[in-house]
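A, B, C, D and E are the chain letters, set down in written order, and residue numbers restart from 1 in every chain.
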Amino acid sequence: MKKKIIELKGLEKHYPVFGGVLKRQVNSVKALDGIDLDIYRGECLGVVGESGCGKTTTGKAIINLHAPTGGEAIYYPEDGDPMDLAKMSNRQMKNAGIRSRLQMVFQDPTTSLNPRMLIKHIIAEPIKEQEKLSARELEKKIVSILEMVGLSRMHLMRYPHEFSGGQRQRIAVARAIAASPEFIVLDEPTSALDVSVQAQILNLLDKLRKELNLTYLFVTHHLLVVKYISTRIAVMYLGKCIETCPTDELFSNPLHPYTHALLSGIPNPEVAAEPNRIVLEGDVPSPLNPPSGCRFHTRCPFCIDVCSREEPVLLDVGNDHKVACHRQDVVKELVKEKFGIEGYF
Amino acid sequence: PKDTFVFESYGTVRTLDPACAYDVVSHQRIMNIYESLIFFDGSATDKFAPVLATEVPSVENGGIRDEGKTYEFKIRKGVKFHNGNDLTAEDVAYSLKRHMVVDQEGGPMWMMLEAVAGVSSTRKDGKIIDGIFETIDKSIDVKGDSVIIHLPKPFPPLLAVLAYSYGGVILDKEWTMANGGWDGTVKNAAKYNGPAFGAEPLQKIANGTGPYKMVKWAPSNEFIFQRSDNYWGEKPQLNTAIIRYNKEWSSRKLALQNGDADRVTVDAQYLTEVQDMDNIKLFSVPQLSVTGAMFCQKINPEANPNIGSGKLDGEGIPSDFFADINVRKAFLHAFDRQMYIEDVWNNNVTIPTTPNAKGLPYSKEEPVYEYDLEKAAECMKKAWGGKVWEKGFKMVITHNTGNAQREAAALMIAENIMSLNPKFQIEVRNVDWKDYNVAYRKFQYPLFIIGWGADYPDPDNFLTTFMASTGVYGKYMGYKNEEVDKLARYARFEIDPEKRRDAYYRMQDLWYEDAPGVILYQKVDHFAYRSNIDGFIPHPMLDHEWENLKLLKKN
Amino acid sequence: MTAYIIRRLLFLVFVLFGVSILIFGLLSTFSPERRAAAYVTTPKQAENIPLIIQKYGLDKPFYVQYGKWVEQVADGNLGWSLVAARPVAQAFWNYFPTTLELNLFASPLVIIVGIWLGTMSGVHRDSFFDHSTRIAAIVGWSLPTFLFALILLMVFYGYLDMFSPGILSSDLSLWVANNPDKFVRYTGMYSIDGLLNGRLDITLNALSHLVLPVVTQVIVVVALLMRVMRSGMIEEMNKDYVITAKAKGADFKTIYKKHAKKNALIPVITVAGQLVALSMEGSIAVEVVFNRQGMGWWLAESATQLDMPVLMSVCMFVGLVFVTSNLIIDIMYAYVDPRIRLH
Amino acid sequence: MAVLLKAQDLTTNFYTYEGAVKALDKFSLSIDHGCTFGLVGESGCGKSVTVRSMLRVIQSPGVIEGGKVLFSEKADAEPVDLLALTEEEMESVRGDSISMIFQEPNAALNPVITIGDQVAESFLFHRVAEMSQKICDAIDSGESYGLLTPYYRAMLGVAAKNPKAPLLKFCSQVPFLKWWDKPVKKEALQRAIKIIGKLGIANPEEIVTRYPHNLSGGMKQRIVIAIALACHPTLLIADEATSNLDVTVQAQILQLLNDLKKESISSILLITHDLGVVAETCEKVGVMYAGTLCETGDVKDVFSTPLHPYTQALLTSVPKFNQEGELQSIEGSVPNLVNPPSGCRFHPRCPKAMDKCSTDKPELKELIPGHLVACHHADRVIGGLS
Amino acid sequence: METSTAMTAVQAHEHPRLRELKFTLARIFRNPSAVIGVVLLSFFIGVAIAAPYIAPPKYAHAPYKMPHKGFSPTPKAPSERFIMGTTSGQYDIFYGVVWGTRTAFKIGLFVVGIAGFVGITLGVLAGYYGGWFDEFLMRFVDIVWSIPLLVLAMTIVVAFGRGLENIMIALALVEWRWYVRVIRSEVLKLRNQEFVQAAKLMGVSDCKIILRHILPNSIYPVLIMGSMDMGSMVISASFMSFVGLGAPKGYADWGQMVALARNYIVGPSNDPLQFWYTIFFPGICIILFVLAWNLLGDALRDAFDPKLRRR
């Protein structure tokens, strides 16, 4: 049985919105509105969804970069008792020795590296936080990490701007690894990169995960990328997780209408016949006032009464496949009926 | 225009209420609108001409009686105030009393009170003195067309006080009361006593008998006079006069040069710039105002940055540093009169030898401690048993900001003393005039430079001020000589001129002997007119802010 | 929007309170004697300093004096100005119109000239025009205002005998003083009152006295505006929407006038507050040199004569102007930039 | 098929502080009438610069150094060189014959001008004469435009003949008189509403009064498209019209472009770095690398038998639907265009590079009919193929 | 794996910091106005350093006192003895100009130093930690902000007393508000930057984050402002001298000298330019000094402009 590393129970993150004469809180952006998710050791969990649906927020909330406003994020260390990260402060995490075990790699390598620090110092920073090393040992360690990500000793004494985007992302990954983490949130690590470089990073990440036994939360909106790298996928919509299942299962047997829409929207580089598309109407509703009931019902082509009234729960339908839809059992037929789509291969 | 006179200057009027005004600028405005019983005769300081009185009282004409304790003024008839009311003896008596009743804090009424009640204020420690208003009320009587003043003791300067100071300015009783002035009763007098600044009822209104009316007073901007139609005397030639505020010298100078102003105030240091100007008449008028550098013989050692360590250890001076006459003499020898006259004043000044400047009664030429650095050094060597010379000292000399002449004197003394011995270190610092006033009164300055302008042209006003231990400056010099104090008290009330003279001569001798300070200069004011203005009569008590408009003629 | 304005008004009250405490606190570092000395005009009066202290309670603790001051202010009594020889509140109306007049003429000029120059040099970047205006601006910026004012005074009044300092020529000033019924001082500004009373000569005369002060004021303030406008223009001209407009077939003039300029104005508005502050500062030197008795002159004079009630009130007034103008600027901001919503 | 637009040896440099960025180096390309042409390449390879150079809307410090852009609006007409036109003539081409959709809908719309105004502008730049004529006719047939109708009639009469008449220019400077074009503006706004409505935006009357920030990304992109389509251009250039949008929205936009093309536009130049989009929507494709075109031809040909090593690598480095095994990656990174590699710009990363590659710049050669490639190896590859 | 920047290959042996410095300097000096600025500034620095040799003081303990020969208020034209003439009070203009350079630097460095230090410290803390301290500080800044520089500075000088030291203190007490605001807004931007968040994730302490990540990245706008301020503070100080709150007469301070010369700008009618030297020399010094710093500041602004920064 796979071991859990992190378990989210109704995790919530609301960003307050202020207004009125006295600038009191008048509303909140429900960026993350009660999400349940298990993450297992050694897996790469892809999180997909539209822009603004709360993917990044999930990642940041888990590792407590933005303290969650509700729910639990339970971390199961390899040895020792589980702890609820959502209730811990940064300092507590540091004292418990788990701060550096949860890391993050950001989307834009340009802004995630301090432009005024040498690569050497950037990578040394997390190492120094963990152990005292002599200068020589430190350098040795840095070089070994650099080599792990495909850079070399000659890059030590350079500034980030002297690197290409792909190299910078490697450095960002190297820095994350240098903290010897167990779990890394990868927030669209390739979307700022060139197509030709994207593959390098994806391969690197995959290699590192296997070598170092890391767990990834891979956030992206590029479905083919998740398909390539993830072992399991969670689909999000408006601050909710609506479907999670192993990668292959998702592409072969999607259950949520939104997932269908996502899959059908992927342009296929393989030259094929005219594709059939599920073109959704309208835009994503505002997370300030999310729709009642099923959040997708405003755009769902198969919406029925109950959808706007009741919020569907995330149901396990077997095969490690969970979905939150009132009509999950009939969606496939409906799609076929209405759009003539049978599969996405 | 032809009949308009424009004068640019930088003085600011504080108030038009004669009971409260105590500065030259206000004086100028008031005295061209109001009139007093008598005024100076031409350029004289000791001769008077009748104005609202028909004659100047004297012992000869019986106006002064009872060995100088009773004065009688006959009031002129047919004089009208600007508002049309007639002048009566009642108005005169009311006015004289009213000023004293009002007696604002820091006002000029101490002179009249001194004469009439023998005190310098209606209040003591902030409380009204019992019975003072009765005393004031009783001291002035109306008898027919005459007003009689009773003094408890003879007071020789009384005529001068009445002529120049505000005590003699005559108001319209009816109008004053209508405008919230004293209601004339002793009972209510306390209510009108000591008004706050700006709360004086006549502060910005005026109604006099004078040749000019006020048309407009925009403070610190312009003051406009207009000839009064019902003036009793000779009709002045100028119809209007504008006195405009202008502090920037360049701008004033250009105004004079371009003919936009008929007269501007010229400070001494700019004299040369005006001298060569075309179409300009320049008068240099020595004033009854002397400036001196005074040594403080008991400096306040508390938190005083001006005396360094406060000890004679080369890093400061002790608080009684100047109590040693040798130190004082050394400083006096360090003052280079010749150079001061030439450089600072362009040879255009006299340096009186004593506070009783030339032009004052009983002025006497005393010897001076001539400029001689060797002698200065000698004195210094003797001072404090030679300790001064050996240890050196450090101190600060101050002068008030913006006065170039005083600044030069301070620098000169400081630099000359410093040249005696490299261990002597003197810093010259400027201090805002108001702070200066406060500080020297707290005995903060080892040496302070300050001037005194006559309230009335009498040696008393100068010698007592500068020398007596009760005098305004004598006090803060910490200088005390019993003989001086006795002479000063005695001479003030003595009416025999011979005896007075002897007393004042002796005091002036003592100024030299005791060397409590040095007189730096007798102020010279410069009056620069466009050449088409005639009629200016110089007067040693009417300084550069003054202008007697009715005398001027423009052609 | 309403909530925003209400909040800003509350803020205004807060700032005024803060300013008054601040200035009062600063001025109460004076010893009671020094503050009493402010009431003294001749050395002879200085005798009475202890009495003055007592009378005005100058030796009381800070909060007592402040409380008393607040009480007075609530009564509309801002104190007595020595310089003006008037109660502060009254004197204010003597001086304020003069400053207002100066800035009334200077500000539009500053805005027009600054925006025009900035736009032009931004659009024609690196041209001769651009370089020369930039150099002029930087030199103007480096020149002390008062020095510049004095030089103008020397050249125009000294050599050419034009544009005399002051507010109004004496003959007209006389006429006005003598005819209070024929010439009503509606606004206190001669240039405008002249028009309102149908006396064009007075207006012209007042304007001729305004030429040099306004020129000085404009030169002092315009440099900043120009610089911001220029860089805004350069930035906006490189934005994608300009390319879009070009791709639509827009001509150059439309591009910079309609598209870029409006956007470039947005950063200009952010420095508008600074412009207001600069104008207030500029007014001091201008008024002192050109002998115009306005607020700036009053302040300078009060500072040198320790006229504390004035310092206090002028600071409060300046704060008031500043905060209100910032409020107006913010509202303008929201007007120019539809993305901003005030809340 | 007739050639609509042909770029020859287009060279564009950006003179930056670090030196001249040689963004386009002898770039050549041709687009036929009625064809959807996809231009692909990774970020920074010069796709946007290409089209901006063609339209001559390069931002400073960019300078078009040389080349020709031959454009023949009518299939049989003599082509004109856009780079040789005067600025004024160019203005009438832009937005009318050729128009452009920009990469960033956020940046491409002026934030302080209303949507309606921005869309209507296109008409005001190119259709004043026509609209004036229409209004004149309307007035002549009795329609009233308020009190000023006679003034409008007179002025619009002039405008109908020559919208750039000096009289009109003069009047536009004068207060009050400058309102002569009010009816035209109104008409332009009407047209804007119509075209916005056509793009599937509900409630266009209301939308035109809004500012860009009130709209969602998808809507903004539609507005940008509306602006480009306003005057029925012969060539529509879509510069990554969908790359910043979400998958679901991207689907909407692509659908829209497809529909529009069927209806009206003759040709589309679609720029993207998403090979999937090209495969689905285009007939022809050009692959760019570092400022040069390395391969062009029919989509099917290029994607099934890529001849250029870069194209080959690119195709294997993007994850595909039925991806199996590891992704092949191209080693190294995109060159800095200040100091581009000599010879073939791809040679430092090319697995097959030989000496010649680093010295000689390969020409674009038509090896298979309709399939051009710029590579010294291509011959051999062809040989291998056959 | 090699970035293709030729530069890195050529200069790889250099220490990267040196390389960066060179690069920055090269960018600054590419701007001709910066060159002018730096040349002017070096000249002033040279004069300030060499002041005791160029113009030996009369009293070693008071070198800022301008020596004077006599007391005459009328300035005297340049002569062999006084090569720039003497100003009112017969002070040697040349001496004043030379030592005034030191005064100018003193004013600039003191004001910018204090204001910068206070402003940066408070601004960084407020921006980084936020909370009540930030709230309190910013409300206080709001209050101080609402009074223009000169007005507030004048009030402070009045309260503390005249003199150059007090002017400097007053200006510093007013000017810090700018630094607080500028640096705080920079810090607010940086605080949510990803590299700062990354550092936090690694458990780096706040103190190190501030010193290593926040300060080095937020200091540039402050540098630019500081350089501009170096000049403008001299102008502000000279304005105070002009109003009459400044250094005592005879103190070697350009502002004081200009203020002193104000009455001689217009010479007598027959020779209007008679006293040109009284205003010209100190005036030109002020202008050039301020100009130098402004040019430098402008060049820094260009050089550090993030939009132009190479990626």
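Here is the rule we go by: contacts are C-beta pairs under 8 Å (C-beta built on N, C-alpha and C of every residue); 3 or more make two chains touch, one makes a residue touch a chain.
Since the model is a prediction, treat every value here as computed from it, not as a measurement.
A.B. asks: What's the overlap between the neighbours of chain A and those of chain C?
C.D. replies: Chains that touch both chain A and chain C, as defined above, are D, E.
A.B. asks: Using C-alpha centres only, name the chain that sits farthest from chain D.
C.D. replies: Taking each chain's C-alpha mean as its centre, the farthest from chain D is B.
A.B. asks: Taking each chain's centre as the mean of its CA atoms, which one is farthest from the centre of chain A?
C.D. replies: The chain farthest from chain A, judged by C-alpha centres, is B.
A.B. asks: Centre to centre, by mean C-alpha position, how many angstrom separate chain A and chain D?
C.D. replies: 35
A.B. asks: For chain D and chain E, what's the span in angstrom between their mean Cα positions?
C.D. replies: Chain centres of chain D and chain E, defined by C-alpha means, are spaced 50 Å apart.
A.B. asks: From the mean C-alpha coordinate of chain A to that of chain B, what's the distance rounded to whole Å?
C.D. replies: Their C-alpha centroids are separated by 89 Å.
A.B. asks: If you average the Cα atoms of chain B and of chain C to get two centres, how far apart are those centres in Å?
C.D. replies: One centre to the other, that is 39 Å.
A.B. asks: Taking each residue of chain E in turn, which ones touch at least two of the other chains?
C.D. replies: Within chain E, the residues that touch at least two other chains are 1, 3, 5, 244, 262, 265-266, 310.
A.B. asks: What residues in chain A touch two or more of the other chains?
C.D. replies: Each of 164, 167 in chain A touches at least two other chains.
A.B. asks: Touching at least two other chains at once: which residues of chain B meet that condition?
C.D. replies: Chain B, residues with two or more chain partners: 248, 250, 254, 257, 432, 435.
A.B. asks: Could you please specify the touching residues of chain C with respect to chain B in the complex?
C.D. replies: 31, 33-34, 36-49, 51-52, 54-56, 80, 82-87, 91, 94, 150, 153-154, 157-158, 161, 164-167, 169-171, 173-174, 177-178, 288-291, 293, 297-298, 301, 304-306
A.B. asks: In the complex of these two chains, what residues of chain D are touching chain C?
C.D. replies: Answer in residue numbers: 52, 55, 57, 59-60, 87-88, 91-96, 99-100, 102-104, 107-113, 121-122, 125-126, 211, 213, 224, 227-228, 230.
A.B. asks: Quick one: in the complex, what on chain E touches chain B?
C.D. replies: For chain E paired with chain B, touching residues are 59, 61-62, 68, 70-74, 88-90, 161-163, 244, 248-250, 262-263, 265-270.
A.B. asks: For chain C, which residues count as touching chain D in their complex?
C.D. replies: So the residues of chain C touching chain D come out as 125, 237-241, 243-252, 258-259, 262-263, 266, 336-339.
A.B. asks: What does chain A use to touch chain D in their complex?
C.D. replies: Residues in contact with chain D: 50-51, 164-167, 194-200, 202-203, 221, 223-225, 227-228, 261-262, 264-272, 274-275, 277-280, 283-284, 344-345.
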